[in-house]
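Each of the two complexes below includes chain A, the first together with chain B, the second together with chain C.
Moving on to the complex of A and B:
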């Protein structure tokens, strides 16, 4: 374990910037999102949960897949250095692992390049994840419902804890160890630091609300697919899709062309299972034409279908959907309702 | 970087055939522009058909792998991409991605009697399979085809239907929904005709058509004694990426694009929103 003085973070970020394209939470307007940074001065460490999740670094809201013209097709070249992501919270770090199991491989055809997503891989593979522990979880946080906690290290290469005047760094992966070992300006962390971390962790955990056992969700959901509970759950949802856009694990997208006169781009854009058009077929047939079917799809995908395929729930309890919902549809209440039904 | 499955390969329009008098259904024969782009496929698989500037849409491959050098797609003019496809001329270059998805269980069908049940313009991949089986005729037992459409005009591959009707190594039952003057074949919905024809339940059934047709044909097959593991169907959803990423074609925990589009009824019966 190493530590660097908070006042010296700029030196560390400069060092990181040499071999990596560094992304960190940056405040702009009233929002904080992950953006590419040049210096540590740009970082907003106060944002407990960035407005949008870190997924957009690797899976942007709109991304050019190729450009077309009379000369043919051209995939944009990416000459950037590998990515490093600084101050990502555990809920987002974990979500990247989940997204990687979808984009980075294919469950039906493991290892086959044909089924890998090159746009994801070129950004996510070789990236370095600095996961910043949450000293003060928010009232909307519920990571502890899904095997997480504010000091969870899953998904990190380097685990970072912010103390009064230091960042203490623990290498988790080989990649992370190799990097922080190469930084010779850090101090060694001592037993006292370990004690401080334990205290901070205990305080952080005391911020969290009641813990719910979500294990029975999977079986329960399977049983109640056809039950009227979904009408109740979805009654106030206006299908705006905000929850899916801020969600670190939602990854549905659309592919569309933009251009004219034989020249333009094929782009992919975030899409949402909340939208009626998402599944509407040209014939007019729509397998999920009714709002309640779409709300059910979102909940089922998160807590049943994804687990069926990947043995993990597609939710890290980041709580963003809770805070952005315009009609206060709290997914924690949905979970409770389903479990009690 | 791994190879990029999102990049369409160029194919040339070789032949365009209008399948019905109002021109809403057209069949396009495409050839590979570059030798190195040629791919193998099996009946039941699909491709994403690209019109640059408009987007792409999924279509089942209507040609059989035994028809070398071409890919055939029958397209119903209904949305913006299909509209553009209908404007294509012979010689135009289009983009194709594929082959995507799984295929009909042709290995399992070897030595078995097969009943093919189709409706409307969903006969595309069934044509692929039928031609494949006819080319390898000795590998299969009796072949029965039940094919229906709303009216005679909406039956596709009319010339081939006439040829198949003459063959003595397959039984063809054509039907239309309501009587039309001069129509000498069956009249009635596909499920009803299936019941009338009453195929032997030791056969394997391949059902493909509009969701409503599949929904009502399955109980008929069950009643006749067909086992769920021997009834196959091909599902249609709005597949976009085709490789299990974009999430649009989800039915339960399956994705139609990578787990299907061909499923046995055994697989589908545990998925609540398959139909």
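Moving on to the complex of A and C:
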């Protein structure tokens, strides 16, 4: 374990910037999102968590897949350095792993070669993840419902804890170790630092609300697909896409062509199961034409279908959907209602 | 007040004046209310009404929720002044029959604007809010701050001339008629005073944040098209990416669609997950309609909406 003084963060970020494109929380019009930075001065340290998740760094809201013209297709070349992402919370670090199982295909099926998404892989595969421990979880946080906690290290290359005047760094992966070892300006962390981390962890955990056992959710959802509980659950949903767009794990997308006069771009962009258009067919028929079906889809995908395919729930409990929902449709209440039903 | 609201709602449900009441209940987060639907008289005790009740509940009468109107003949709606104006809007626009909605007016002192509170606490989470007269105490884990109530209320409320329902079936207490408001359109006139370049720069900067989640549209009582133009793809009117040009088109067209129809309830502003300043343009259009046609949405149930009526002496310079 190493540590660097908070006042020396700029040196560290400069060093990181040599071999990596560094992304970090940056203020953008009163909100904080992950953006590419050149110096540590641009980092917004005040945010508990970014308002949009880190998925947009690797899976942007709109991404040009290729440009076309009468001469043919052209895939945009990527000359950028590998990505490093600084101060990502554990809920987001974990979500990247989940998205990697979809886009990078982590499924191991002998004899079957699933499609691996090049746009995702070129950004995520060599990325260095600095996971900043969450010293002060919010009332919307519920990572502990899904095998997480504010000091969880899953999905990180380097685990970082912010203390009063230091960043203490622990290497988790080989990639992380190699990088940390190459930085010679850090001090060694001592036993006292370990003690401080333990204290911070205990405080952070004490901020979390009640814990619910979400293990039975999977089987329960299987049984209640056409039960009236969904009417009750979805009654107040107004079907905007705010929850899905701020969610670190929602990854449904649409592919759209934008162009005219024989040339243009094919673009992949975020879509939302909350929208009518998401499932509307060319005939005009919509298999998920009413709100209740769309709310059910979101819950089923998160806690049932995804587990079926990848053995993990598609939710890290970051709480963003809870805090942005205009009608306070709290996904935790939905989980409770489903479990009690 | 709250006891009277609960007993009135209980009575309305018991004597079958209404079949369902849409009101506010306690939300899952500190200082948050959430819409609730009550059909049993005994559930009326779940109702609350205070400065956290920000939603315009009339959205549940249109759009995806049209079924509610079919399932229940008579719907009670707990309404602030702006919500009641939406019912009037729906009536004059033939979206509902006036007798289908039972407006339960409640005295409104304005609703909290979460974003203003966050600015005051510098992003720190507020766990408890206490209102005492004109003063508010914001409490967090390690801080306590006292501020004037006005500083944490939504702009729509600060400049609201009709806090209490003018059109109602039941009112809890005594409704105030019109409240004097100084410089109602200040936000617009300040904006108009800027140069065209400054205005455009502001609009571009603001709307570049838009993530096109359409929360503003979906919480808006006046936005109830069966199919929004952004959802049409044959022909496709607008690009789907969050490119600022497309986002600006979405917002400006929405502004024009709600011209003379916006009741300034502020729902879009509170709903926006990326804090866009949506009010300036809405208010600008409201001001424009008021000056040209002397019309304000949702005030008079017998008056034809500005956009469907015509007078010979109206300003017609826009026709060229």
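Methods note: the second predicted complex is superposed on the first by the 332 of 341 C-alpha atoms of A that agree within 3 Å, B and C clash if a C-alpha of one lies under 4 Å from a C-alpha of the other, contacts with A are read in each partner's own complex, and residues count from 1 in each chain.
As a working rule, a contact is a pair of C-beta atoms (placed from the backbone, for glycine too) under 8 Å apart; a residue touches a chain by one contact, two chains touch by 3 or more.
Since the structure is predicted, the reported quantities are computational estimates derived from the model, not experimental observations.
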item	value
Chain C versus chain B on the shared chain A, clash or fit after superposition	fit
Chain B versus chain C as contact partner of A:62, first or second or both or neither	second
Partner chain in contact with A:202 - chain B first, chain C second, else both or neither	neither
Apex chain A: angle to the C-alpha centres of chain B and chain C, given in degrees as a multiple of 10	90
Partner chain(s) touched by A:260 [first = chain B, second = chain C, both, neither]	first
Chain B versus chain C as contact partner of A:194, first or second or both or neither	neither
First, second, both or neither for A:122, with chain B first and chain C second	first
Partner chain(s) touched by A:239 [first = chain B, second = chain C, both, neither]	second
Distance in angstrom between the closest Cα atoms of chain C and chain B, superposition on A	6
Chain C-contacting residues of chain A that also contact chain B	254, 256
Chain C residues touching chain A - in the complex, by the definition given at the top	27-30, 32-37, 55, 59-60, 63-65, 67, 115, 119, 122-123, 125, 127, 141, 205-206, 209, 211-215, 217-219, 227, 231, 233, 239-243, 267, 270-271, 273-275
Complex contact set, residues of chain A against chain B	65-66, 68, 73, 75, 102-103, 106-109, 113-119, 121-122, 225-226, 251-257, 259-260, 262, 264, 266, 268, 271, 273, 278-283, 285, 287-288, 293, 297, 300-301, 304-306, 308-309
Residue ranges of chain B in contact with chain A within the complex	1-8, 52-57, 76, 78-79, 81-82, 210-211, 236-238, 240-241, 243-248, 250-253, 258-259, 272-273
Contacting residues of chain A [partner chain C, same complex]	28-31, 46-48, 51-52, 61-62, 136, 138-140, 207, 235-236, 238-242, 244-246, 254, 256, 258, 267, 269, 272, 275-277, 290-291, 322-324, 326-330, 332-333
